[in-house]
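Below: one structure, written as C-alpha cells.
Chain naming follows the written order as A, B, C and D, and within any one chain the residues start at number 1.
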Amino acid sequence: MDMKACIDACTECRTTCLITLGHCLALDGENVKADRIDALLDCITLCASGVDLMARNSPLCGRNCAVCAEACGRCAELCEATPRDVVMQRCAKICRECETTCTVMAAH
Amino acid sequence: MDMKACIDACTECRTTCLITLGHCLALDGENVKADRIDALLDCITLCASGVDLMARNSPLCGRNCAVCAEACGRCAELCEATPRDVVMQRCAKICRECETTCTVMAAH
Amino acid sequence: MDMKACIDACTECRTTCLITLGHCLALDGENVKADRIDALLDCITLCASGVDLMARNSPLCGRNCAVCAEACGRCAELCEATPRDVVMQRCAKICRECETTCTVMAAH
Amino acid sequence: MDMKACIDACTECRTTCLITLGHCLALDGENVKADRIDALLDCITLCASGVDLMARNSPLCGRNCAVCAEACGRCAELCEATPRDVVMQRCAKICRECETTCTVMAAH
C-alpha cells in the first residue's frame, strides 16, 4: 500500500462527504438528522488532517489514519441506513473504501 | 487596527461557532435547522482561512476578510433570531465583533 | 461551468499543493524558499475553503473563488520558476487549471 | 479536566503556531528550517481537528487528542531549541501547555 493511494482515498472521501453534507442540509430542510451531520463532519475533519499529514510524510500519519478509519466506518454505517438515496449510497461506498485504505496505512 | 486583533477575533469566532454547532446538533436532535448549520459552517470555514492567511501576512488576507465579514454578519443574524438561547446569543455577539474587525481589516 | 468541476479542480489543486509542499520541505532541507511555501500554503487554504463553501452551495462561494483564483495564479507563477523540477511543473499546471475554473466560477 | 479547557488550549496553540510559522518564514527568508515548518504544520493540523471534534463532543476526540499531544510535544521541542527567539519561546510554552491538556483529555 503506498501513501499516494491513501492520500487519494482521503481526498475523495472528504469531498464526497462535503457534498453529502450539502445534500443532507438541502434535502432535509427543517429535519436534518444530527447524528448523520456529526458523522459526516467527523469524517471531513479526519480526512482533511490525514491528507495534510500524509502529504508531508509526517511521523504521525499512521496514528491519524487509525482514527480516520473509525470515522469513515461510522459515517459509512449511517449512510448505508438510507438505501434509497443515491447520494448517501455513493458516500457510503467511498467511506468504506477510505476506511479500508486507512486501516492498512495505520498498520504500517 | 492591528492584524493581531483580527486574528484573535477570527480565532474566537471560529471556536465559538464550532461550540454553537455542537450545541445546535445536540439540542435539536431530529430537528436541526439547515440554514443555521449552513451559516455556522460558512463562518467556521472563513474564520479558519482568515487566521491562516493573516498569521503569515498573506497579500490575500484583506480580500478574505471581506468575505469573512459577510459570513459573520449572516451567522450573527441567524443566531440573533433565537433570543432566549444563551449559547446562540453569545455566538451572535462574538460574530458581530468579528464582522466589525474583519470589515476594518478588509478596508486596509 | 458547473460547480462540480470547480469542486474537483480545487480538490485536486489542494492535494497537489500539499504534496508539493512536502516535496519542497524534503528537498530543500535547510534551504526552503519562504515565498514558495507561503504561496503553497495560501493556495492550500483557499482551495480548502472553496470546496467547503461550494459543496454546500454557499452564497459566498463566488467571492471566495475570486480570491482562490488569485492564490492559484501566484502559486503557479512561483512553481513555473523551477522548470526542471517535475513535481513543481505538475503543480504549476494544476494551479493554472484551478485558477481558470475559479475565475469562471467567480464571474457567476 | 473539562473539554472546554482543552478546546481553549488547542485553539490558542493553533493560532500561536500559525503566527510562529509566519515568523519563521519571514525571518529565515531563504533559510527556512524544514523540520521546524513540518513540526509547526503538524501541530496546526492536529489542534484544528481537535477543536473540530471536541466542539461537537465527537466519540473520536480522545484518540485525536493523543495524537495531538505528540504533535505539540515535538513542536515544543523544536521551538525550545531556539532559546533566544522570543516568538519561538512563547510558542514552546503554549505547545507544552497544550500537550499536557491533550494528554489528560486522551486518558478519559
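Simple rule for what comes next: contacts are C-beta pairs under 8 Å (C-beta built on N, C-alpha and C of every residue); 3 or more make two chains touch, one makes a residue touch a chain.
These numbers come from a predicted model, not from an experiment.
Taking the definition of touch as given, a chain qualifies here only if it contacts chain A and chain B alike; those chains are C, D. The chain pair with the larger count of C-beta pairs in contact, out of A-C and C-D, is A-C. Between chain C and chain D the centroid-to-centroid distance comes to 25 Å (mean Cα coordinates, whole Å). Multi-chain contact residues of chain B, defined as those touching 2 or more other chains: 25-26, 38, 48, 52, 56. Judged by the touch criterion defined above, the protein chains are all mutually in contact, each touching every other.
Interface residues of chain A, counted against chain C in their complex, comprise 7-8, 11-12, 14-15, 18-19, 21-22, 25-26, 48, 51-52, 55-57. Taken together, the chain C residues at the contact with chain D in this complex read 25-26, 28-34, 37-38. Note for the complex: chain D touches chain A at residues 38, 41-42, 45-46, 48-49, 52-53, 56, 58-60, 63-64, 66-67, 70-71, 74.
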